[in-house]
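Two complexes, one shared chain (subunit A), two partners (subunit B, subunit C).
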Partner chain A sequence: MTDTLLSVRDLKKHYPIRKGLFNRKVGAARAVDGISFDIEEGETLGLVGESGCGKSTAASSVIHLEEPTAGEVIFNGNGRQGATRDPDGTHPNDVTEFDDDEMMEFRRGAQMIFQDPSSSFDPRVSVGNAVGELLKVHGMSDRHRRRAIVEDLLERVGLSANDFDRYPHEFSGGQKQRIALARALVLNPDLIIADEPVSALDVSIQAEILSLINDLQEEFGLSLLFISHDMSVIRQVCDRVAVMYLGEIVEIGPVEEIFTDPQHPYTEALLSSIPTPDPRASVGGIELKGTVPSPTNPPSGCRFHTRCHKVIQPEGLDIDQDDWRGLLNFRDKVGIDEVDVEQVRENIAGSGTEPTDSEVRAEIRREFDISETVDDPELERTLSEALDLLIEGDSERAGSVLSDAITTPCAEREPEQTVHAPGHESACLRHEGQAAAEPNPADD
Partner chain B sequence: MADDQPLLEVENLTTKFSTDNGTLTAVDGVDFSVNTGETVCIVGESGSGKTVATESITKIINTPPGEIEGTVRYKGRDLLSLPESELRQIRGNEIAHIFQNPQEAMNHCYTVGWQITEALQIHQDVSDDEARAKAVDLMDRVGIANASSRFDDYPHEFSGGQKQRVMIAMALVGDPDLLIADEPTTALDVTVQAQILRLLDDLQEEFEMGVLFVTHDLGVVAEIADRIVVMYAGKVMERGDVLDIFDHPGHPYTQQLLECLPEFGGTGGGIPGTLPDPHDPPDGCRFAPRCEYAEEACRTGEQPEEIEVAPGQEVSCVHYGPGGNPSIVRSEGLGPGDDTGTVDGDSEVGPADD
Partner chain C sequence: MATEESERFDKVDWNDLSRSGRFDLSINSIGMLLTALPLTLLGVYSTAFTGPRTATFEFIGLEQNLESLDFFFIFTLLLAFWYLALPLYQNPRMTRYYWKEFKRNRPAVVSLGWLGIVFVGGLVGPLIMDPPQQQLLIGYQPPVFTSVVDTTPATCVGDVVNGRCFGTWQHPLGTTQGGKDVFTMIVYGMTISMQIAFITTTIVATIGISFGTLSAYAGGWIDEIMMRFVDIILSFPTFLMFLLILYIYGAGLGMFIVVFSLFAWGGTARYIRSKSLSISEEEFIKASRISGASTYQVIRGHVVPNAASSIITQLTLLIPGFLLAEAQLAFLGIGDSAVPSWGQLISAGRSDLSFAPWIVLAPGIVLFFTILAFNFLGDALLDALNPEAEAESE
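Right after this comes the complex of A and B.
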């Protein structure tokens, strides 16, 4: 087995929210909230998720551009392999505990590439000097040697040695990203963190850069943490993937297994949102409605339950899943008083006649994808009662009627990690119980 | 309007810019048409002239330095010869634009509702109250929850996807017959992209619009297009029905664009080389310098004439022309699920059986 280069344990990054005269802390945006993963030597781990799920914050906390709030980042590169934990439980390779000298050394071993190549170069510094600056900072004072190293690297990323004295504006986006790669490689690092390195590029250039990354990884024996929102890009470069949602990793596993056998509903939804280059396939699949909720006040239980298409029904209930999702959405919207009966009325009135109450009821049901009658008599009664209250204008009582009757286990309990296959884990309540039955191959 | 007449007909459209380094020909004699209810996609790499071509239709590029020639017939009227005052009646009312970056297309200093009603009141003679009601209705139709209370919010209070929805609402104020969407999903996340594509699909049906969609992403094209126009360096390389082009891409450029997609067995590498200098395009086929099948005949004269290789599918390539041998570039059976040749072992591995 190869050695683990990087292991991240329970990493958290919370941004305090301050208010008032004394700048008191009133809350925190929990951008990254307890993530753990390992990267082996020579391996590429993908980190995938929507905007706002904390991928980039995770990257900058791992590489220590930002001080993590809690957790460990153990980096075994730079010849520090084989270290073991000290008796007091701390690890000598924990980046969060490094002093200045160790940090300088760590910066040599771990590099980063950013999304937008145009804004990550100084327009007034030639690209050769931009790449060579890192060598200078790390103590190589010989100008000619610096130049030789940089020229060699520029050639290895597919540019020419003559480009040393040219300026960033003379290069296209794809070429600039090649220079960014050269800059990341110049100190011969063990780990590169690539934060959406191809999102700003054209499809044809994307493919070029991805294959270059693959080649260089083999040539230099690099480990990569590759961040992207695009599952199809992840598939091209990664060995393993971690799927992130609202500061947490919901599923992690080998890339092929995640693609062929996704376990977490969020992974399924992400996969089905990739545009299929097959004109016969209809636009369809699972639609993720809305956006990621605010990390200042994440949903209770499983954080995905507010958007999940497979949200669990309470024991003894068995209605159409779409109705159930619709009912939950309806409950949430009424709870925050966002169902505007007047607006619904206006919408119907727009098509002619004055709307009757039953038309309004039907319209609200249609809006939330709830069928005309819900398959459970008791629930149907509750829903009708709430609709009546809503039409009478008493949305507060409608809200409490709904929230008393409609509850899901997903909102109450936080899911544990379930192991599906070696190295393939997910956190979803639907799989709990099944884990106990199966032997746990990861525990050895 | 006669039934057989296309909604929009572009013929020999040429757009040049005078720059310090001489004349830059961004679009060089391009033809295409859009029918009512149809989605036509213009595909190509950055810099191939897609955006300039669509912006030339309603003359929203500055002239000078730009210079637009050719004919653009919209419902039989030649837009390029219309006076500016009449053109303004068409822009926004009948032909609407959506742009790539919703952040930049909105004014941060005004509320979203104000910006929609402004567009509305420019084109229609409505009172403030009516305009507000209509704007709220439009915001509701493009899927902004709680539209009436979000009316007075500022753009920064909306997410990227919501901003794009607002842009779409703004484009719909005049009940347009033609919607020009210039990479409307490129700046968005994949999940949001799926939402916006679905929305455009629904709205097209509801408003019975023709849609001219510009993108570099063939995955998006496959989802929404009826017909495709492949552009490269200001010229049309290939055109045809979406199914024909995905099944039998004729032009080497189209083939290579498709091979960039991992689902087509592409293992990366992309298309070697870059676009030619638009100040001084190469002789012959514009793609010849990057084409693996290029011969001497490809490098002389003009861009080859478009040859019909199948009903409705036309290719501009020497190998399909008189004296050419189409079998050199013919790629039968290139398509998803048929990844012959280029599979490198990581494409179809079943779940581990344990």
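Right after this comes the complex of A and C.
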């Protein structure tokens, strides 16, 4: 078994939100809220999720571009393998506790590639000097030696040594990303964090860059943390995948297992969004409605329950899952008074006739994908009552009637990690009762 | 030699390399130090060991004297050489690119040529031309190719035909009331104009850039205080301040330059601050920080060069303001009457405007073209140095 290069434990990054005259802290955006993962030597871990779920913040906290709020980042590269946890519980390889010299060393062990090739180079520095800058910062004062190393490296990433003196504006996006790769490589790191390295490139260039990354990884035994929102890219380069939703990792496992046997509903939804080359196949089996909730005020319980298509029904209830999802959405919308009966009425009136109340009811049901009668008589009564109240204009009481009757366990309890196979974990309440993940402190 | 067996990045033993290299001086800084040091010594010698009436170079038999303003001027010239001209030579690719962009603006190229003439004339002129002499007998000579009524000049140097005195090549732009050669005075005025241009730019750029970046990077209440100070600077009535100083101490050209540039950097600092803030959000700054560069290295290496190149335009447009201000003060009679500036010449000729207009017109036209040239240059530099700005507007 290979050694663990990087262990991230319960990493958090919260951005304070300040308001008012005295900059009082009124809350925090919990961009990354307790994520843990390991990267083995020579392994590629993919980090995937929607935009705004905290992937990039996770990357910049791991590489210590930003100080994490809490948690440990244990880096065992640079010949620091085999360190064990100190008796007081701290780890000698914890990046968040490094002093200046250790931090310089860490910089040689971990580097990063950025998303936007056009802004990741100083327009006034030739690319050779941009790559050589790292050597200079780390004490190589011999200009000719720097130049020799950088020229060699430029050739390795598929450019020519003559490109040393050229400026960023003279290169295309794909070429710049190759130079970015050279810059990340020049200190011979053990770990490279790639933050959406190919999402700004067109598809044919993407493939070139990805295969270059693969080749270099094999040749130099690099570990990669590969961040992307594109599942097909992830499948191409990664050994394992961590799926992030709203600052948390909801599922992590080997790439083949995740793709063939996804456990978390969010992963299922992401996978169903991959377009297939078959023109007859229906695109996107699962549609996630709405946007990612704000990280300042994440939903209680399981954070995904506001959008989950497999949201759990309470004990003793067994209705159609689509109806259940629709009911929950309806409850939430009424709760924040966003169901506008007048608007619905106007929409129907647009087709000619003056709408009756029953038509309005049916239209609202259709809007929320609720069938004409819900299977459960109790629930059907509640829904009808709420619809009546809504049409009468009493949305407040309608809201309270609905929120009393419609509750899901997902909103009440936070899911624990469950193990499905070795190395394959997910956090979903539907899997409770299966083997819970053992706490895994990183002291190996 | 280490480079013989083709060096590879993964074969570097970093423990071998000491960190001393982090404070290596570039060739530019070494050159600057080597040239500025003798200048400083000479300056100290000139002010402390020779009397006010003794010429600086008397010890080697020259009669050339240097004032403190001259020392500062030479210092700014050294700065411009080592940190502006030499980098352009060191990075030929970038220079060619800038030149290609710059060249597209034809008026700017002509302006650059004109400013080159003024610059070289100002530097070399006083060395090879004798200072204008008072010769009352040949006062009011007309410029070459023109003529005035015979009675205007006391004696006519050129031919007198039909009662009209014709100008000669001896005084191509004519002479003043006192018989001083206008052309010589204009050349001497070039020196003054170049001194104003270089010294004010240096002062404004130095204070503005350091104040702006410091403010941007300090953040919080320090930033707040510094920016409110800039507001004070910007709203300060510089002209009244100058009048006050004038009445208390008397105001030479040096005082004019110092007072006006010390109150002119507010806008520059504010611009640099906002520019630094936006630059520090760029990914290449993140990349540089991840490389392990210290905050100072990041600011010095990436933030300042990128912010500074965008204020070159602003600085170029600041110079005409100073030149005009100097001329206006001279015209009002509260300038430094000891220096042969264009403004002084215009002021000297204003009472003779009706019968000897060349005394006002010649320096006036030169001043006008110089200011116009600076304005054209500023526009073209904006396009050449900020290709992004142009790309956005297209």
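Here is the rule we go by: the second predicted complex is superposed on the first by the 434 of 444 C-alpha atoms of A that agree within 3 Å, B and C clash if a C-alpha of one lies under 4 Å from a C-alpha of the other, contacts with A are read in each partner's own complex, and residues count from 1 in each chain.
Going forward, a contact is a pair of C-beta atoms (placed from the backbone, for glycine too) under 8 Å apart; a residue touches a chain by one contact, two chains touch by 3 or more.
The shown structure was predicted, so the numbers you read here are calculated from the model rather than taken from an experiment.
Student: Could you check whether subunit B and subunit C clash or fit when both are placed on subunit A?
Tutor: Subunit B/subunit C on subunit A - fit side by side.
Student: Taking the superposition on A as described, I'd like to know which of subunit B and subunit C A:404 touches: first, second, both or neither.
Tutor: Neither partner.
Student: Based on the superposed arrangement, let me know which partner A:141 touches: subunit B (first), subunit C (second), both, or neither?
Tutor: second
Student: Does subunit B (first) or subunit C (second) touch A:124, or do both, or does neither?
Tutor: second
Student: Given the touch rule stated above, what does A:10 touch, subunit B (first), subunit C (second), both, or neither?
Tutor: After superposition on chain A, A:10 lies in contact with neither partner.
Student: After superposition on the shared chain, which partner residues are touched by A:278: those of subunit B (first), subunit C (second), both, or neither?
Tutor: first
Student: Under the stated touch criterion, which partner chain does A:65 make contact with: subunit B (first), subunit C (second), both, or neither?
Tutor: A:65 sits against subunit C, while subunit B stays out of touch.
Student: After the superposition on A, what does A:97 contact: first (subunit B), second (subunit C), both or neither?
Tutor: Neither: A:97 stays clear of subunit B and subunit C.
Student: Determine the nearest approach in Å between the Cα atoms of subunit B and those of subunit C after overlaying the two structures.
Tutor: Here the least C-alpha separation of subunit B and subunit C stands at 10 Å.
Student: For subunit A, which residues belong to both interfaces, subunit B and subunit C?
Tutor: none
Student: Write out the stretch or stretches of subunit C touching subunit A in their complex.
Tutor: Per the touch definition, subunit C meets subunit A at residues 2-3, 6-10, 12, 14, 17-22, 24, 91, 93-94, 97, 282-284, 286-293, 297, 301-302, 305-306, 309, 387-388.
Student: Any idea which subunit B residues touch subunit A in the complex?
Tutor: Residues of subunit B touching subunit A: 45-46, 133, 136-137, 140, 145-149, 159-162, 189-195, 197-198, 201, 216-225, 242-243, 246, 256-258, 260-264, 266-272, 274, 335-337, 346, 349-352, 354.
Student: Show me the residue ranges of subunit A that touch subunit C in the complex, using the header's touch definition.
Tutor: Its residues touching subunit C are 60, 63, 65, 103-104, 107-108, 111-112, 114-116, 119-126, 130, 133-142, 144-145, 148-149, 152-153, 165-167, 169, 180, 183, 185-188, 220.
Student: Can you name the residues of subunit A that touch subunit B in the complex?
Tutor: Counting only subunit A, the residues touching subunit B are 50-51, 172-174, 202-211, 214, 229-232, 235-236, 256-257, 260-261, 269-270, 272-281, 283, 285, 287-291, 333, 338, 340, 343, 346-347, 350, 421-422.
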